[in-house]
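Alright, structures below, take your time with them.
Across the two complexes that follow, subunit A remains constant while its partner is subunit B and subsequently subunit C.
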Partner chain A sequence: MSSETITLNPQLAWREIEGRVVVISPADSVVHELNETATFIWKQAESGRSVAEIADLLSLEFCVEPTQARSDTEELLRMLLQKGLVTS
Partner chain B sequence: MYSSEQLGVSIGNVPLRLHIPEAELREKARLRYAQFLEEAQGGLPVFTTCAGATDDHGTGTSGHAGDFVYTWEDSSLRLNDTQAHFEGVRHEYGLDSLIRVLLSMLLARQRGFLLHAATVMNNGRAYVFTGKSGAGKSTIASLSPEGTVLTDEISLLKHVDGGWHAFGTPFWGEFRAEGANVHAPIAGLYFLSQASEDRVEKVSLRESIRAILPNVLFFSRELQVTQDLLCLLNEFASSVPCWRLFFRRKRSLWNVITA
Partner chain C sequence: MNQTPVMDSVIRRSMVGSVPLSVHFDVTYRCNERCVHCYLDHEDYGELETTEIKNILIQLAASGTLMLTFSGGEIFLREDFFELLEFAKDLHFDIALKSNALMITAARAARLRALGVRQVQVSVYSADPEIHDAITKVRGSFARSLKAIRFLKSQGLRVKIACPLMKQNLAGLRQLRALADELGISYVIDMTITPKLDGDTSVLALRNSAEDLLGVMQDPTLQGKAVLDDGSESGVGSAISSGMEGDAYDGIPCSAGHNTCYISPYGDVYPCVQMPVAAGNLRTEKFDEIWRRSPQFERVRAIRDSDLPVCAKCSIRKYCERCPGLAQMEGGDLLGAYERACELAEMKARVAGVANPVSAWHAQNDGKILSPATLSSLVQIASL
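Here is the complex of A and B:
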């Protein structure tokens, strides 16, 4: 997964509000509010960064070990994938 | 002047020119929207056909690419840039429902939206109380001074003259009244929560938007329209104070609102 690039689902409306990304699915009006870490990952994914790059940036931003950052990044991306918010 | 089949209606400064060939439905609409009739020319033409009748003014609800189409029970709405069609309208309540949907779409182009909310005027300012069915909108209306309630069910909120205003609507719940075709700057938006005491709590921007979203009358599934709504609500909640109102079913609730 580390070299993969994640793409935000282009069918979703979203906006960053007070430091958190709020996502709405027009198809079913479901609203998702991302936490601080997921918001960070979302914004990096929007910039086209790979999973490995996102993990490195997460490590620096939140002062966590690189292995922990990679694990957290992959777990959150799996969650975002499951919810259909991003595609790989 | 309008032909005898036409009815000019303006709700929230959104003019509609209703073409209703059926005399009985037209008369009921005239009564229902008595406070919102507008005789001036103009407004979006809305061609209405009752159940079983044929639409002679367009292509029916099959529509064209790019049209907004919405179906409600056996009736439907089709909207394009120049006109709207209501088909299969059975009664004035059906007409009312389609007008709400139509307004929600038109308002989205005018920095406005419809919200499940009661609106009460106090000293020239509008207090908006939102919540799902059973939250207490009609209760708030019944606990407000006579003649001050603009609606107990659907509020029309729109950015005009540099600020957000609440407009009277003909859309009512249990607290039925004629409605008043007036508007006033919004003093605050209140999320209703029945409690054993009266108090208000400030609500953050993000929490406000999350609480507003489920109460917005919104029917589009288009990405751009949804994105625009999110931006509009962000703009709204950034400029209008939003509170959670804990209230008892007593008039004393007004003491904490206007304090």
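Here is the complex of A and C:
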């Protein structure tokens, strides 16, 4: 997964509101609110960075070990993939 | 948008940061129907042009607006409407539409779906074509709107019927609900008929009396919120509401000016379509300047329920759905009480079993009721 680039689902409505990304799926009207970490990852994915690049930036931003950052990034992106919020 | 813990959290954070989370944007007042109860003047006095609207959408996105409702007038009369939708989609707005649907074809319904429109609210006034057409003053409009609703549904779009209750359509409410059920769509029954934006109160004669609405208030299936499989809700409510409900609004009159606002086809910015207090114009000012710094928005944001000189003391306040905009339009005072809200609150309290409910305003005025003539003289479309 590390070299992959993640793309945000273009059908979704979303906005960063007071530091957190809020996503609405028009297909089912479900509202998702991302936490601070997920918001960071979402914004990096939007700018076209690979999973590995996102994990490196997460490690720097939140002062966590690179392996932990990689694991957290991949776990979150898997969750977003499952919910259809991003595509790989 | 249903009340959920996530939605409540989003609303709370938008309130803390004064983010204009939801914006109602009328892109035209022109219309191809002439509904008897409509509050608008359908002449075009110089609508915003395509580039002006696109510029406003960019500003709204930058200010944090997520939910965008395009309304009118009839939105599809704008030849650039799909261009605007496409632009809004690229800015990641959550898009809802309000329309009479007369101009929605199968191809247009498919395009709306592709452009990520989440919901289309369609005005349907009766399940009886004659009554509906008499209200819209367009022969065949019922059949055309129904056909369009089926096109929208076939595309998997969420559709909602909006029905303001008037003397003409109250008796057919049961049939209208059955029609919505048959179509598999939700509905909102609105007991509000508002004065025209120019202050003309003649349309208020179409309102049902509180006594006539007793059956609606006594019907538990209308007072609750029935939820369909697609998550949409049916029941009595406001056809112009942002749809955002939550505990975050406790202690303030409503969401207007806190995290919602209204933009007219001429670029005027108001706290709400039912609060015609222009705070600025987007042809000459930036949205964020108006939203954050105009005295009108600052004043609306500062109002707390406890500031209402009469209503704060009212013993039946919990039955009241007082609208500050209508308080301004019908009573002449943004902080004041007004007859219609008091009447309906007393009726609701009676239905709930309160013995001899009297609103604080009626108690203060010895139960005197303002005549329509007095009401007309009180209507003000003025700056705060």
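The definition used in the following text is that the second predicted complex is superposed on the first by the 88 of 88 C-alpha atoms of A that agree within 3 Å, B and C clash if a C-alpha of one lies under 4 Å from a C-alpha of the other, contacts with A are read in each partner's own complex, and residues count from 1 in each chain.
Please note the rule applied: a residue touches a chain if its C-beta (ideal position, glycine included) is under 8 Å from a C-beta of that chain, and two chains touch if they have at least 3 such contacts.
Worth saying up front: this structure is predicted, and the values here are computed from it rather than measured.
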Please indicate which partner A:V22 is in contact with in the superposed arrangement: first for subunit B, second for subunit C, both, or neither. both
Is A:M79 touching the first partner subunit B, the second partner subunit C, both, or neither of them? neither
A:W14 in the overlay: touching subunit B, subunit C, both, or neither? Say first, second, both or neither. both
Contacts for A:H32 in the overlay, against subunit B (first) and subunit C (second): which applies, first, second, both or neither? second
Taking the two structures together, which residues of subunit A meet both subunit B and subunit C? 11-15, 17-18, 20, 22, 24, 26-27, 29, 31, 33
Which of the residues in subunit A end up touching subunit B in this complex? 10-15, 17-18, 20, 22, 24, 26-27, 29, 31, 33
Complex interface listing, subunit B residues touching subunit A: 204-206, 209-210, 213-214, 218, 220-223, 225-227, 229-231, 234
Under the stated contact criterion, what part of subunit C meets subunit A in this complex? 1-2, 4, 6-7, 9-10, 13-14, 16-17, 19, 21, 61, 64-67, 92-95, 116-119, 156, 158, 230-232
In their complex, what parts of subunit A are in touch with subunit C? 11-18, 20, 22, 24, 26-33
